[in-house]
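Just below sit the structures, each encoded as structure tokens.
One chain, subunit A, links the two complexes that follow: it is found with subunit B in the first and with subunit C in the second.
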Partner chain A sequence: MTVPSARPPRPVRRGRRRFGAGKLGRGLLIGLFILFVLVPLYWVFVTSIKPSEDYLAVPPVWFPAAPTLGHYTAALFAYRGLDGLINSLVVSTGATILSALFGTAMAYSLARFGTGGQHLSFWVLSQRFLPPVAIVLPVFLLYRNLHLNDTRFGLVLIYTVFTLPVTVWMLFAYFRQMPPSLEEAALVDGCSRWQAFWSIAVPLAAPGIAAAMVFAFIACWTEFFFALILTGRNAFTLPTVFRAFLGFQGAQYGEASALAVVSLLPSTVLGMLAQKHLVRGLTLGAVRG
Partner chain B sequence: MHPSIARVRQKPRPLAVWVDRHFKWLLVTPAVLLILALTVYPLAFSLWVAFINYDFTVPGHAFVGLENFRRVLADPVATGSALTTAWLTVVNVGLEFLLGLMLALAMARTFRGRGIVMTVLIVPLFISPVIVGQFWALLLQRPFGPTDYLLGKLVGHDVTISWLTQAPWNFIAIVVADVWQWTPFMFVLLLAGLTSIPPHVYEAAELDGASAWTAFWQLTLPALAPMILIAVTFRLLDAVKLFDVIFMLTGGGPGTSTYTASYYLYQIGFQQFHISQATAGSWLFLLAITVLIMLLVRKLLRPEAAR
Partner chain C sequence: MAEVTITGLKKNYGAYQAVKGIDLAIPDGEFTVLVGPSGCGKSTLLRTIAGLEDITEGTIEIGGETVNDMRPRDRDVAMVFQDYALYPHMSVRRNIGFGLKARKFPKADIARRVERAAAMLGIGPLLDRLPRHLSGGQRQRVAIGRAIVRDPQIFLFDEPLSNLDAQLRDDMRGEIKRLHLEIGTTMIYVTHDQIEAMTLADRIVLMRDGRIEQQGSPLDLFERPATRFVAGFLGSPKMNFLDGEVVRGPEGGIRLADGTVLRLAPARLDALRQGPVVLGIRPEHMSRAAGEAVRPGFVRLDTTVDLLQPTGARTYATVGCAGQSLVAELQAHDVGEVGAHIVLDIDLRRASLFDATSGKAL
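Presenting the complex of A and B:
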């Protein structure tokens, strides 16, 4: 801490006037960007409750006079959005749990014992940057032999792999900043290494594990490419349902919007709950938020 | 001492001893096996496929050497999509960085309502890119989207832009969708970088009476540099995979003009079933990305190097 009173009086007058202009500029920038973020969200919401007659109205209808929930039932039932929703829920949950189990174990080993040195940890990290298109073809052929194509289990496995780098690296950083003294004390007291890990380190790391699980879940929930290739009529997830609305005949705008609202709500709410871990989640623990 | 603990100490079971001895390797085994099965094995398999004939339209699996690679490199659509990917990536990441930096600078000071503003600004990060594509299709698609109407009001005469089928507007649509989704990524990281710059860095500058502009170039930017590198690297490596927005907005069209590398490989592999040509192409794509990773990631990321 420097001593504030030791600071000589600054020529504040000019600076303060400039501060006023800067404040206005900042407010304008933030305001415009918020508008940019909100307009598509608002438009998709309002389209989802608009009667079909309003689609083509000039000027565009910003507040429908007779809102309807009909598009929601159509999207969920006629377009099988509900099946997609259930599949997304099952697959994302399954992959998140597997990723947390395997990822926590690996992260602990890397953080406490330096297993495999830098090579192993960077090898895991490099999976994060692997383009899905480079592995999806052989995975598709492999799954065809194993009868895993178009199954939820197949998708759970690939999503586990695809979220492991995030879980491992986030928790790697988390375990590293946790002092090992409690586990060491437990080992001295006769605990096995497994007990020290499972009964002491894991509960202490619970907040970090929960945050990693939220980001893994969001990643699975919003994933499109693997689901597009590896699923069909049975295991299709929510994002792939939007294919039904391609072609832009305009007739299904309400259904597409309704499904978008249904799909974005869970991941957005989860993301907001984990907001304070966001920086760590986005950089795989490389940066502390 | 607790009796059960005492017993463990006197007579350790052989299994428990074995588990304890190999504990660190046992912990990494499930994750490593899964990654081996679902990324290393597929990659090795695809390397083999890239050198043979594996094509649903041509029978047999004869060894063809570099023929598949030659076909990709000789395909004008492939080179075109590589170029499109490169410049779209540069434009997207560049715009996202500039906007994100400006927003971060604007948000660096506390003000009333900052928490709510933060929450709104990060929403796009949690939405599937497919849905983001859907958003902009709804807003831009003629005649249903309100964009042309609003632009018409703004400029004073009728605007009839076919945003999704007419160059250069289709590219602008793609860039707008990508910028909408990923500017918050840059913003969040750069803001974290800005707020972690210790205030004493600026105190000397204040004493010297340096202008805000000078302080930004000589103090803020250098202090922010490590975070800028991390943010741009992460974003760059994701931006080159651009697929979902293309799929939803333009479908690669009109013609093949908005094909990206991922979209091209998807079309060749899964719509035309030239599997071996697609794997050869994906290996070329992978090599290009690996160069990027080698150059950027290994130097940048150590678990506790950056703050």
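Presenting the complex of A and C:
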């Protein structure tokens, strides 16, 4: 049966022209957006290899004639950027692993056993509402007594506490949408609760755990405030090194840019590695697979 | 293989009582079906047998041993879940072998048992696939494979067919029944589908509101329902219920709302007390009137057709009777048309009578 169409068909030429214009507009928009995101990154990179006299030159130097790696050596060695980098890697990795371990166990307990009733899960998240400045002084005094000031371990502890709420909340959503029958099947099959957790629930939550770990790592990697207050000459992290580049004599743009490029690397690599898991980890709570 | 004995079982969730006192003895090798409407406590009862729920009161014995405080893995039961509960990150082979691995069986033994179970269920070629690459029916087979591979004392099925389409459900139902004949292990099966209950069970345990309403063989429950609820639950289309009143005396019977009296056999009438009753007539006990004379034990109903629902072999006709509706199951080509006059014979010998207040069979 043919159904008479309500409207006469659109002229083909007009449709084609509109399609072309739409494509062009979309391309322009995407191009602008890419420029908006990439130009600052390029500027940072190019500044990191520019000789000092090119920093503020007018017109701006887009392609330095004599690129140099001098700022990198200065930032990493003279300003102790390398020590900061190593500290940041150790502290962020340590805190991320602890946060994932405790967060997974805690989220599972909240989701499966309703631990703490209906309010504990929200209380956990609410810890994130607390501004760090509200607790930094007591933590500082506590750390001084416990000799944790200016130690990597001290920073790992505070970062674990600081990232745990988001980790728990992300994984809580993950475990809650996982059918309990999977672990029940494992219990009947011959597993203890602990085995069912490790061999069934954790592997299935792996994308969520990976996503939560990336978030935790980036949060630790970029954290400045606690690091500033709780560290000194030994355990200082990468973000705190940047203070040194702004002095009374002026700003060390080259060194700052060189260190910025270095600090971008781990999170970029991590993001690329975990990209697949990240998208799944962030959407799985909403969409039933 | 083992028998299951449940005594005084109660299960509360806070103030809510899901199971209100169950006594049940399931002999070794029997196929028992727990059936009832949603929320009647049948799944909870099954889960307490599996050990997935703690019990509030009572005892559960499997093979003569009290298992109240035993963990699920120590009860030697296998369970098939409604959503199959296949481990999504493991191949079919690992899914089926998982229980054996958890119980530390030797590798060669696991491989041999998995192959045997797969061959039994016709899923041999699927062993290296992941569950997400299987159809619903194949997943169900894998779930059953995971249960039989361990050779447990008892099989528990929690509405295993309800996620399948109608055709597949019929096929799988047959396979489960055949499986029981082959391996002869005690099986406890939960469903809300009365057809599944009737076709599979050696014994049906019909539950309502946390209690057992009636238990017995499928035909026993179908033909001799203890209550109006049982009568209405088993059978499709369901039994017709007509409100009436017992009238004693030589012209006695059941008087319907419009004054019509349906004559009952004197022997049956004598056993009844005067007062309101509910008459239950199964749709298949009504037929198109044949001949002038009404057969003994039958009553004749002169009415019009309100609705026709052909199913192929049979047609369900909704007709009016004393201001109420009745559904009759008739020969497909013997029904006339909607609005037409129709004369039906009702076999009152097979009708059920229930107390109007308590719903108990009279």
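Methods note: the second predicted complex is superposed on the first by the 228 of 289 C-alpha atoms of A that agree within 3 Å, B and C clash if a C-alpha of one lies under 4 Å from a C-alpha of the other, contacts with A are read in each partner's own complex, and residues count from 1 in each chain.
Note that a residue touches a chain if its C-beta (ideal position, glycine included) is under 8 Å from a C-beta of that chain, and two chains touch if they have at least 3 such contacts.
Predicted model only: the values in this text are computed from it and were never measured.
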Which superposed partner A:182 touches (first subunit B, second subunit C, both, neither): second
Touched subunit A residues, subunit B compared with subunit C: B
Touching partner for A:221 - first (subunit B), second (subunit C), both, neither: first
Touched partner set for A:192, first subunit B, second subunit C, both or neither: both
Partner chain(s) touched by A:120 [first = subunit B, second = subunit C, both, neither]: first
First, second, both or neither for A:234, with subunit B first and subunit C second: neither
Which superposed partner A:173 touches (first subunit B, second subunit C, both, neither): first
Subunit B versus subunit C as contact partner of A:272, first or second or both or neither: first
Common interface positions of subunit A, toward subunit B and toward subunit C: 189-192
Interface residues, subunit A side, partner subunit C - complex: 179, 181-182, 184-192, 195, 200, 203-204
Contact footprint of subunit B on subunit A as seen in their complex: 2, 7-8, 10-11, 18, 22, 25-27, 29-30, 33-34, 36-41, 43-44, 47, 55-56, 58-60, 101-103, 105-106, 108-110, 112-113, 115-116, 120-127, 129-135, 137-139, 141-142, 157-158, 160-161, 164, 168-169, 172-173, 176-177, 189-194, 197, 218, 221-225, 228-229, 238-239, 242, 245-246, 248, 250, 253, 256-257, 260, 263-264, 267-268, 270-272, 275, 278-279, 282-289
Subunit C residues touching subunit A - in the complex, by the definition given at the top: 50-52, 71-73, 77-79, 81-83, 85, 87-89, 98-99, 102-103, 146, 150, 156
Subunit A partner contacts - residues on subunit B that touch it in the complex: 5-6, 8-9, 16, 19-20, 23-25, 27-28, 30-32, 34-35, 38-39, 41-43, 45-46, 49, 99, 102-103, 105-107, 117-132, 134-139, 141, 143-144, 146, 149-150, 164, 180, 183-185, 188-189, 192-193, 200, 203, 206-207, 209, 212, 227, 230, 234, 237, 240-241, 243-244, 247-248, 251, 261-262, 265-266, 269-270, 275, 278-279, 282-283, 285-286, 289, 293, 297-298, 300-307
